[in-house]
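Got a structure for you, questions after.
Which chain is which? They are A, B, C, D, E, F, G and H, in the order written, and residues in each are numbered from 1.
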Amino acid sequence: MRKGVKPAVDENSEVVKTFRIFQSELDAKHDKHERLVKLSRDVTIESKRTIFLLHRISGEEDKESLIKEAQGKIQDIQASRLQRIARELEGEDPFLFHRAVSPGLQEYIEAVLFLCYAAERRLMGLGEVRGQLEFRVPIEEGEDSKTKDSSKPEGEAAPDDAIEQGSLPKEPPSATLHRTLALYVSPLDYVLGVADFTGELMRMCINSVGVGDLETPFELVAFMRELYDSFQLLGNQPGREFVRKLSVMRQSVSKVENACYMLRVRGSEIPKHMLLDAISSLPDSAQTDFDT
Amino acid sequence: MAEASLTASIFSEFNEYLTNDQDVREEIRVAVRAMEQTAREVMTTLEGIHQSAGLKEAPALCQKARKLLETTRSQFAELQKKVPADQYYRFHDHWRFVSQRLSFLAALIVYLEAERLVTREEVAHLMGVSVRKEDGFHLDLEDFLQGLLQLASELSRLAINSVTAGEYDRPVRISNFIQELNTGFRLLNLKNDSLRKRFDGLKYDIKKVEEVVYDISIRGLKPASAGGGEGGDEPPTSSTGAE
Amino acid sequence: MAEASLTASIFSEFNEYLTNDQDVREEIRVAVRAMEQTAREVMTTLEGIHQSAGLKEAPALCQKARKLLETTRSQFAELQKKVPADQYYRFHDHWRFVSQRLSFLAALIVYLEAERLVTREEVAHLMGVSVRKEDGFHLDLEDFLQGLLQLASELSRLAINSVTAGEYDRPVRISNFIQELNTGFRLLNLKNDSLRKRFDGLKYDIKKVEEVVYDISIRGLKPASAGGGEGGDEPPTSSTGAE
Amino acid sequence: MAEASLTASIFSEFNEYLTNDQDVREEIRVAVRAMEQTAREVMTTLEGIHQSAGLKEAPALCQKARKLLETTRSQFAELQKKVPADQYYRFHDHWRFVSQRLSFLAALIVYLEAERLVTREEVAHLMGVSVRKEDGFHLDLEDFLQGLLQLASELSRLAINSVTAGEYDRPVRISNFIQELNTGFRLLNLKNDSLRKRFDGLKYDIKKVEEVVYDISIRGLKPASAGGGEGGDEPPTSSTGAE
Amino acid sequence: MRKGVKPAVDENSEVVKTFRIFQSELDAKHDKHERLVKLSRDVTIESKRTIFLLHRISGEEDKESLIKEAQGKIQDIQASRLQRIARELEGEDPFLFHRAVSPGLQEYIEAVLFLCYAAERRLMGLGEVRGQLEFRVPIEEGEDSKTKDSSKPEGEAAPDDAIEQGSLPKEPPSATLHRTLALYVSPLDYVLGVADFTGELMRMCINSVGVGDLETPFELVAFMRELYDSFQLLGNQPGREFVRKLSVMRQSVSKVENACYMLRVRGSEIPKHMLLDAISSLPDSAQTDFDT
Amino acid sequence: MAEASLTASIFSEFNEYLTNDQDVREEIRVAVRAMEQTAREVMTTLEGIHQSAGLKEAPALCQKARKLLETTRSQFAELQKKVPADQYYRFHDHWRFVSQRLSFLAALIVYLEAERLVTREEVAHLMGVSVRKEDGFHLDLEDFLQGLLQLASELSRLAINSVTAGEYDRPVRISNFIQELNTGFRLLNLKNDSLRKRFDGLKYDIKKVEEVVYDISIRGLKPASAGGGEGGDEPPTSSTGAE
Amino acid sequence: MAEASLTASIFSEFNEYLTNDQDVREEIRVAVRAMEQTAREVMTTLEGIHQSAGLKEAPALCQKARKLLETTRSQFAELQKKVPADQYYRFHDHWRFVSQRLSFLAALIVYLEAERLVTREEVAHLMGVSVRKEDGFHLDLEDFLQGLLQLASELSRLAINSVTAGEYDRPVRISNFIQELNTGFRLLNLKNDSLRKRFDGLKYDIKKVEEVVYDISIRGLKPASAGGGEGGDEPPTSSTGAE
Amino acid sequence: MAEASLTASIFSEFNEYLTNDQDVREEIRVAVRAMEQTAREVMTTLEGIHQSAGLKEAPALCQKARKLLETTRSQFAELQKKVPADQYYRFHDHWRFVSQRLSFLAALIVYLEAERLVTREEVAHLMGVSVRKEDGFHLDLEDFLQGLLQLASELSRLAINSVTAGEYDRPVRISNFIQELNTGFRLLNLKNDSLRKRFDGLKYDIKKVEEVVYDISIRGLKPASAGGGEGGDEPPTSSTGAE
């Protein structure tokens, strides 16, 4: 990172010697920070794309294939970026680089929760989220001591072979020695991820109104109220972020309540079976997912 | 030097005072935090009314909420002990928010139970405090009024959700109640403060409920009894009756 | 030192001026507060039109409101006495808000009574002031226009509530009226000021009323007469009637 | 001294530059104000389409609007003269708003005339500017896109009003068009800026139009032809009539 | 100002007719406002230049000629722009366009006070300021009624002949009939002008330090303290402007006090006559006026 | 309707309370304004010490200032009458500023007269109020401390101006006094509030005075007696002695 | 309902976590407050060096300060107990400020005693913590660096006051020391954070000290030995001596 | 559908544009960071001139600094490649700061080498960019001027330190140079922006240098040659010596 031409300093000075040590320590930290910020940004982008994909579900027919695709994407994120983040953070205080990693992690949690809800209509717990972020990695030669060269990212092509996800063991452990590498997920990141996830539920509701699904909105409003209640019970946690997200959540719940209200009010005008007929004849609104 | 130590002794006396003051604040904060926790629990209980099946369970929810709310009596008693006599307003900011919140919750319970306005006495009684400033620890009037405005907001949400739950007469009754509240507030000579600001928001709550009533009216869902003596030509009620 | 007292004497003159200024302002504030109280009372009276049975009572409410509004004549006379000649705009900010409010109220009364736009002269007459700047105490044109924009907002709310009350022709008439107002305002070259900002809000009022008219139209509730000379092909009322 | 006056001459050259800069800004402001005036007049003309009888007159209104809009060509030419070559983005903020507005108006005219999306080239041509940044004075892409989002909003309003005017096929066509716009915008990788914010609002326009289409469908008012090439099974209008 | 092509409106509509009246009334007001803003801006620029000029005074030798030049400039401002402003405002509530005119007026007051102080070392009172803004103008034909065409500014060349300043009568009134046209100066504008004037005194002090004038700073500090005291006595008048200017004034006084302090401290090192010798040998700092 | 009027009667009772409250505030404001005027006059009097000849006249100025300051006794008595018993802290914000100011002024007078720290009792006595919260109307400790910090600021200015006036020993004494004040404040356990913020500014006042002392030291202007027992090798005092 | 309790149970786990978190933070805050108190006392002691006679007493003051500072060892041990293993950076913000402060104080003591830069190891040892992140509770490098920058600021003040106290050689030594610090810091690639911001302030400290050295030099007060090996031609002390 | 895919293709083209824009910004940021690093290294080198022995080494330091500075040529070339033609001002904020910094450094080097003002052409040449806006990537005039103001500040510091180092003629030459700069800047008609603000600070730099010159003069340290062509009557050094 540093360049060849250097300004003149007296390298014999005690102070200079000391600061040279400080310099390398700070540089190492900043460099790692930069790498993590970049990885986190990538995780954010990929997670957003996964969410985007799940919003394309418009009925039972395309549901399965889209969920499968989303699962694939999530596994990709886990195996590549997140595992790399885990390596970078190995042996570090997990909170030292928290600010660098947190945005990506929260977005990932949002995506994985949304996937789980889309597939199984339930809230995925923190334990399960964490379980999916335990990687089995082969013990490299001379790695019994915890040394590792985290400054050079390993080749992009390889990781998929080398890694198995904790939660999805595809094959029995091979003869090579393995160890577990866990990416720490803080409860706060999880909870804030849940808050964002509520926003996606709101979009899912509006989308399902668009495709004439008259059940989902009412299911969603109940589930979201539950989340909101639980969240509210946590109280005004310190940190502006929490308060802000609680208020965004209130707005999301309110939007879904309004949507249900409109459905009920509109639906009241003609008998139900008529309504369904009428709805199926709407212009092709399958593309109308309002996700952003 | 002698003088310096004189200064020091004066200041160390001041310090005693200031340290004590900070301790009092710390204790108040702890007490208030407990009250906020109670308020949150009451709120979570009452949230149930917005669920589809919720309104039917309102009496049960209210009973549970009342019980929870009762714990604030001892909490207020505790708080009152911390606050030095005659210094209510010195520390008022600490419990202003929770007082408003509890006033709101009490008002909501009373409304759900009896569809009427809670009185200040009732709220004060529930909290175990006085209504009169002269008695030291009391329920501040402006806090109580803020609670009523929060009630209006919550009821406008309830109007929406009760339609979703298929209760078409409730919005009309809510609309009447909020109108009355509005009339009451209009009598007040409000300063240009946070209460006035919140009151300015009341008109949005009213408008929202009016739009709900509008939505059910135009679709002929408004029960004949609800609108009372209006005698307007109702939209084709037959179709609703056919549901 | 002689010089010092020169400067001092120059400034003591200002002190007098500024003190006097504050006194005048204080008196104006008192006078304006009374007018605001009147405006609030008129508003409370007219709120009645949004009640379910209210529109039928509109004439009575208007009469009452007019009466209340008349007290502003003496209040304006009082205010006028406080304001030094030719210094209307020095203190204008103090009564700007209440002038707008009263213009709005007068415009609302006139609309309810006759479904037409109030004139500036009428409003000025009601307040007992002039319409011309040259006459000193007058009704500022921009204040009057602000009042008209407030009227549009109130009428969009009335459109909603008149449907609730079963009056299906009123929203159509309101829509026409607001459209006309809109056309009028579009003729003005507004600066980038508060009037322009308020005018930008007019489009939301228009949209709201258009949506009400839409709701009525699509349900075949629009009275044949209401649409007047537009000659649009009415929605097949027969099919709705057949429901 | 000799050197001092050298410095002086260098600086007086700098000064020329800076003074000139301020003059340029003033001139740009004047030019932009004229363009805003034109935009307002075009808008006033096109407002006519929302009137009951307006859609029938759309062709005439469009013709008139086009004529008015043409004056922007010379206005842009004027503006262009003020802006030094290659400094478009140095002053862009000055005309950002009016560019968006004019893009919207051009898009509305083209839609009303041909029910299709205006191209960036058309808009640029109308304004007499280039579409390519390389050519200096051009139509900024983000401004153009903002204009399209304003179009969506206006069309959702038009959908409502065309029902009122008895045109039941238009909302369906508008719905298809807005959906297409939405699909287009979703392809864009928008930053978190004002464009993204405006785009987030698009979904409400869509929802509104869909509700109109829904209302028409369940009442059997949707003309058979309207759904056109979509191949959806049309709502059996007979069955609705049979209700 | 308005253009030829107009959007179609129904000119027979009552509402349209009414609004046409409103339109012309508003347009007239806005146009006048615009003209006044422009005039005010010009007054500001010219006043600033006058102040700039006065800062060039570096000793008794150039003082007289520069003051003369400044007086000429002030008279120009009075006779051209200010008289035109007075015409525009004739018959109007002086506060209606106050916001348009006030910045220019305040800057003018600042300049005229500074000129007076530079020439006579005294504060010019409001009465005197007002007196200089009373113009004697010939009564135009048919002008006995107060009508005047204020929308068209009269030719630039003429005014000097036609106008005599109230305070500087150069010749006895001629045979033509004259009337007095007074530009209203509000006490608040005067007081705020005084505040700004203090800022110029501060610059004057720093300049005089630069040219080795050891008396002026001490004179100035006394005068400025006096102004500051008087100002402070007026109290916290409503309006942020007053409070802000009071605080700027405090800073100016403080700067001058610091300058005097530095002079005293520096001057303490060698005997006074020596100091003056030394100072006169400083590099030519005559150009060092720190005005901005 | 019956219920409505019940609400109305409750609210009109509230109104009485709120109106009364506003009246109290108005009266307090008037009383405080008078006190501020007095404070300004005292300040203007004491400003004299910064003039070249001022320090010599300090005794006379202090006497005059004391006299002026005495009027605050009756003003405080007046204020006290307006404030309902036990509601000191409800309205404290109104006179917080002027209390601090008057504390400062009293502290300045005492310093100028005796070069010592004023006590809280002295200040309270001057104002005719108590020092104990229990007695209702009192001198708030934090207001008093704020006054002392303002004193430090004023003295740092005085250090500058006394050098200008040729008094070279005063800055040294001021430096010692401010150091002592600093030591005193360091004993206090300050919250993170405005007092702490003001205290953080004290170090700049100290630094400024230290720089003044530095300036006179390095130029050999510091009187031998002032620095007390330091015994440092003085800069060539002979040259100063030659003045 | 079963599902509801699933969500609820997931969340009640967090509630526990968050409550526990708050408790930990509260305990940390208490511990940190004690450390801040210690730091204030050390600072108050070291303030003595700025007093006229202070530098002579520096050794005694340092000894006293060292003793006081030692209590932080047990305080850090206490704090360490509160902080869960490996969560140093989760709560770091709480003691960041006091760590910087203590680093500064240790650095000041070491400088006064030996005129050399304290090492990170020394500071960590004084606090009874590690220097290596790996060991859990340690001295954060950036906190240590912040402390050094605070030292530079304090030394620039000391340079001023040592002149007042007649020590003319000290500023020169301080200047050299700060220059060296500056060279060290320039080696670091600072991010755009608070450390960088503080470092930007270092140049003002340097300038201040350079000005003091200038004042000494030009008056011929710089001791021959002080300038050390620079070999600059000293200002003609003879001419000054001749004054 | 066909049309839909047309829309899609249009939009995907738009998307390319927007994505590209974000990439460009990222690349620019990286490029600028490298330039800032270079600037820091040049600065560190030039810091040497303030050291006691530094001025003698100025030529060597300048040579070294020039070498380092040369790398900015390729860095600017790199940056230039990232910035689309004619969009200089779209991204200008990214390199505004570093341009100013580099202008300052170039100006400092040239001053140290030749004691004259650098020209804009020289700076632009050093950076490998044009001086003319028309050429696309150029050196913005205001950035260049900011660099000159930074130079003035640095020179005022150098004046102080050159006295410490025993160079008594340099401050006089610096004073002349800064005066000239000031004269130049006063010719500029600056807006009320950051440049004006920085310029307002120039007078303090001037005052500081003048004080140094004053100090030298009264002590008879000003070399006869220094005042050079000004023709002022030199302070009779003998007379000072005679003190």
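Criterion: a residue touches a chain if its C-beta (ideal position, glycine included) is under 8 Å from a C-beta of that chain, and two chains touch if they have at least 3 such contacts.
The structure presented is a predicted model; accordingly, all values stated were derived computationally and were not measured.
When you average the Cα atoms of each chain and compare centres, the chain farthest from chain A turns out to be E. Between chain C and chain G the CA-based rotation angle works out to 180°, given as a multiple of 5. Seen from the Cα centre of chain F, the chain whose own Cα centre is farthest off is D. Centroids built from CA atoms put chain H at 45 Å from chain D. If you average the Cα atoms of chain D and of chain G, the two centres end up 60 Å apart.
With centres taken as mean Cα positions, chain D sits 37 Å from chain A. Among all residues of chain E, those that touch two or more other chains are 7, 9, 233, 235, 269. Contact of a single residue of chain H with at least two other chains is seen at positions 37, 44, 183, 215, 243. Contact residues of chain B toward chain C in the complex are 179, 182-183, 186-187, 189, 207, 210-211, 213-214, 217-218, 222, 227-230, 232-236, 238-239.
Note for the complex: chain E touches chain C at residues 2, 7, 9-10, 13-16, 18-20, 22-23, 25-27, 30, 91-96, 98, 122-123, 125-126, 187, 190-191, 223, 226-227, 230-231, 233-235, 237-238. Looking at the complex, you find that chain B touches chain A at residues 36-37, 40-41, 43-44, 47, 50-52, 157, 160-161, 163-164, 166, 212, 215-216, 219, 221, 239-240, 242-243. Across the complex, chain H is touched by residues 1, 3-4, 7-8, 10-12, 14-15, 17-19, 22, 84-90, 92, 116-117, 119, 133-134, 136, 141-142, 145, 180-181, 183-185, 187-191, 229 of chain D. The touching residues of chain A, when paired with chain B in their complex, are 218, 221-222, 225, 228-229, 232-233, 235-236, 254, 257-258, 260-261, 264-265, 268-269, 271.
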